[in-house]
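A, B and C label the chains in the order they appear, each numbered from 1.
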C-alpha cells in the first residue's frame, strides 16, 4: 500500500539525524551506503518483531515502514528477531557469526576513538537480584563506551522484599517505563524469560540462577574464534567442575553448532559432565571423550578451558572438595606440552586452578577473554537498541 | 538603575548559548520568542528567591538582572519561589497546574526525541537513607532523560553511622558542594525540611518517614487529570489502608484544592481514615463519606484508588491483618460495575489487592500512573534547576 | 629516526580534534599556543612513563611520538611521571604546586561554565572495598564535572568474597579492561601499590586502611594555601587524635616540604603524635612542639587543624574515650583568641569537637576544605588521563 513512496527526505538526512529522528532499522539497497535507522523511543514502547504492527504517528514514518515491508529486496529476516537475549541456544550459527562481526567493530570503536555516541540518548537498567560486580561492570562499561546511560540496581531484591512482595512481572512493568533496555541477573532459573514475556523493551539475561548466562557463552565462543582463528574443526578440553559449571555446559551447547568439533572432558569424578550434555553432543554428531590425563588432552587441544571447582557445591564434604580441587591444575608444566597456537581460557574468577606463573605466557588468554565480554556486550546492546 | 540596558548580546545568542553561559531564568516580552535563561552554576551557589540579592561578577550579568528586576512587564511572581519540594501542601492550585503543563511537555520529550540535553552539565545526587529502588530509579531516569548526570547514594546511612555520627546538616553541607540538586529519602519525618533549611541548592523530598512524599502526591493528581480530563468535580474512592497510607493522606490534602470534589473512604475498620484528614476536608468544603460497600462506591467514582494493607503495621496480629487484607479486593467484578471512563489507580507495589486479571482492562491505570511519576519528576528537576 | 617528521596534520587540528584523535600529552614550543594531546584509548592500554616504549599502530601516531622524543626543546620531565597517585610523599613541592595550579583552573571550570567536556569519553571506576560515601561522591562528582563517566562499585569486596577468593591482582586485571582509570579504597595498607603495580591504567589511592589517603593530604595543603595565601612560614596546630589520625600524619609529611613551618601538637595523652612523625619533622628541619594549651596555640597559629577522637580506637575503655573527647573543643572562645586571618580546618565528619556555633564564623574553613577536595580530584583526574 505504500510501495510508491520514496521517503526521500529521510534518506537524504545525515546519519546523525536519522538516529535522532528515526531510529527505525532498515536497509535500502538502492543506495550505495548502508543506512541504519533505529526505532524511535516512541516506537520502542510499542515495538513488535513484525513491523506492520507498529502504530505510526507521523506521515513519513509510515513511508519508512513502507520501505521495510514492501521495498526490501533482501532478506534480513531473523536478524530483526533479536528482541531479547535469554538463552545461548536461541541463536543459530549465522546469528552468532553476525554478532561476532559487530563485536569486532566494537573492538575498533573502543580502541581507536575517544568515545562513541552510537547509543546516546539510550538508557539501560541493570536489575541485579544477586550481586555480580564483574558482569554488571562489563555491561555498564559496554553501554557507556557507546555513549549510553545507565541506571544501576544492585539490590533489586528490595523490590520483592518480605513486606512488599511484588511480583517480578510488576517490577518489570514499572522499570520498563524508566529505561530502554533491562539487563537482569536473577537467582531463579527462568526469571529472564518471564521478564521478557512481560516487557515491551529488550531484556538481556545476565545469568538466572542455575539456568543460563548467554553473554558468557557468546564471549567464550568469540574468544575461541579470535584466538584460534576458526570454530569448525577445533579441539576443546573442558577441565574442572563440569557438573555444576554453567559456562562449560552452555559452551558445549554452542560448540555443537560447528563442524568437526572434538570435546574432551577432564574432571574429578565427583563433578563429571552430566549425561544430558553428552547425549546432546552425540545427537549433534560432535565427537567427545572423557579423560583423566590433563597433559595428554592439553597436548592435543586448541583450547584448554579450565574452570573453578566450586566449594559451595560440596557442602560439608571439605575433604572431597580439597581432593577435587587439587587434581587438575594448569601450571607451566601444562604449557610445555601445549601447542604453540593453543590457548588457556577460564571464565574467572580463578583461585589456584591456574597458577599465577602461567599468566605471563602469551597463551594465557583468560584476561583477553574477560575483555572480549565487553565487546560482545557492546555488540548486543547496539543490536537490541538500534539494529544491525 | 539598569533600565536602559538592552543586553542585546545576550538575547541574540542561541538558546543553547544562553543555557551554557547564563542560566538565569527570565522572559523578555519585546522578543517574539520566550527565552529561558537559567541560573549559572556560580549563581546557584548564591541563589536566592529574590533576584536582586544575587551578586554578579561580570558586567553583562548585571544587565540580565536588570532585565528581570526593572523591565519585566509580566508577573512571574510565585513561580520563581520553587526552590525546594518538601511537602505537597506547599503548592497551590495554580502552581500544580503549571507543573502539570511542564510534565506534559516532558511526555513529548521522552517519547518523541532521542534524548533531551536540557539539563546537560547539571548533577543530581540521590541521597537515600533507606532503600527505595523504585523512587530512586524514577528520579535518576528523569534526570538522565533530560541530559543530566547523577551521583547515587543508596547507603547514605553510612554518613551518620555509629562510629561517625555526623549530623544531617553537616552531610548536606558537604554533599551540596559536589552537586546541583539533592533528592533525599529519609526515615525521619521533617528531615527534608532540615536539609532544605541548610542547603543553598534545591532539595526534593523523596519521602521522609511517615511524613511527606510530595512527588508521589503530584503524580497521583497528575494521573487523575490525564485519565479523567479534569480535577474539579471528580469523585474519588480511597480504598484499603487509609490510616497508615502516606499516599492517600497526601492525595486527600491535594484534592481539597479543587472544586466540587467528593471523596469516599472504603477501608477495614482497623485502618480507617483518621479524623485529621476528615476535619481538613470538611473545613475546605470537600464532601466525603465512609462506606463499607466497595461495589457501590466503585459504580459512582471516577477514580478507585486502591492501596496495599501494610502487614508491618499489624505487628503480631496476623489474624487482623489477614482479615483486613482480604476485605476489599479490586477484581473483574468491580470492573463490571465501574463506569466506562473511570480508572483504577494504585501507588504500587501491589500484592493481591488488585487481582492480576484486572491488568488487561484499559481502566487499569496503575502502570501508566507509575510512568507519570517520571514526567512529574522530569518537570520538577527542570523547574528547580533552570526555571519555568 | 623520526626527526624530520613535522606531523603538520595533527597540529593544525582543533584542540578538540586533538583530544579526540590523539590523546597524547605533548607540548610544542614552535607554536604560540600550548597544545595538549592526551593518550589515545589504545595507547592507554600500553602506556608507559617513557614515551618511546609506546607501540604505535598508525603512521602519524609515530610522527607525534617523534615530536615528543626528538623535537622537544623543553623539560617536562617529572610531570609526565604522574602515572598513579599512591601516597602523598611521592610528590615533591614543585609537583604539588603544579597540581594546585590545575586545581585552581578547576575551580573556574566548576563555577563559571555549564559543564566541561575535557574528560568526555573517559571512564573511571570507583572500586571501594569499604564504604566511604563522602570520598566516593567527591571523586565521582569530579569526574562528571569534567564530562567523564563513572562505573560505581561500592561492594568491591564481593570480588573476593569467601566462595570466590579472587586476588586483588586478578580483579584489577579484569576491571582495567572496562575503564580508563581506577579509584580504589581498600582496607589493607599497601593495596593501592599492589593495584598500581598490576594495572596498565592509572590508579588513585582513595585510602588504603591505616596506610595512605593522599588526595585528602593534597586537599588539606591546598586549602591552607588558598585560605592563608602561603605555605612557607605557616604555623599549624594539629589538634585531637594525633596517634591514629591518618590525615594529620600525612599532613605533617607534606608540611615538611615547605620552609620555616612550625607545627604544634595538641592532644590528649592517650592519642599523642607518635615519634616517627616527630623524628621526621626534626630531620627535615621543621620546628615542632607539644602543648596542652589549645588557647595559647590557637592564638599563635595560622591554621587550627582539629580532628575527631575515634571511639573505635578505645575498645571498651569508654571512660578514657569520653575524657579524651571532651578535652580540646573548638568553640567560640577559641575563635576569640585566634587571629583574624587564621582558619579552622577539619577533615570531617565532625562530632562535637567543633561546636556548631563556630560554623558561622568566616574562619570556619572546613566546608570550603571539603569542597577543595573536589577541585584537587578534578585536577588529578585531568592530569592522569590527559596530562598537564
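List of remarks:
The definition used in the following text is that a residue touches a chain if its C-beta (ideal position, glycine included) is under 8 Å from a C-beta of that chain, and two chains touch if they have at least 3 such contacts.
For clarity, every value in this text was computed on a predicted model and none was experimentally measured.
The angle needed to superpose chain B on chain C by their Cα atoms is 120 degrees, rounded to the nearest 5. Both copies, chain A and chain C, contribute mostly unmatched positions to the interface they share, with under half of the numbers common to the two.
Averaged C-alpha coordinates put the centre of chain A at 39 Å from the centre of chain C. Across the assembly, chain C contributes residues 152, 154 that each touch 2 or more other chains.
By the touch criterion given at the top, residues 110-115, 131-134, 137-138, 140-141, 144-145, 152, 154, 308, 310-312, 348-351, 356, 367, 370-371, 374 of chain C touch chain B in their complex.
Per the touch definition, chain C reaches chain A in the complex via residues 19-21, 23, 40-42, 45, 120-123, 125, 149, 151-156, 158-159, 163-166, 169-171, 173-175, 177-179.
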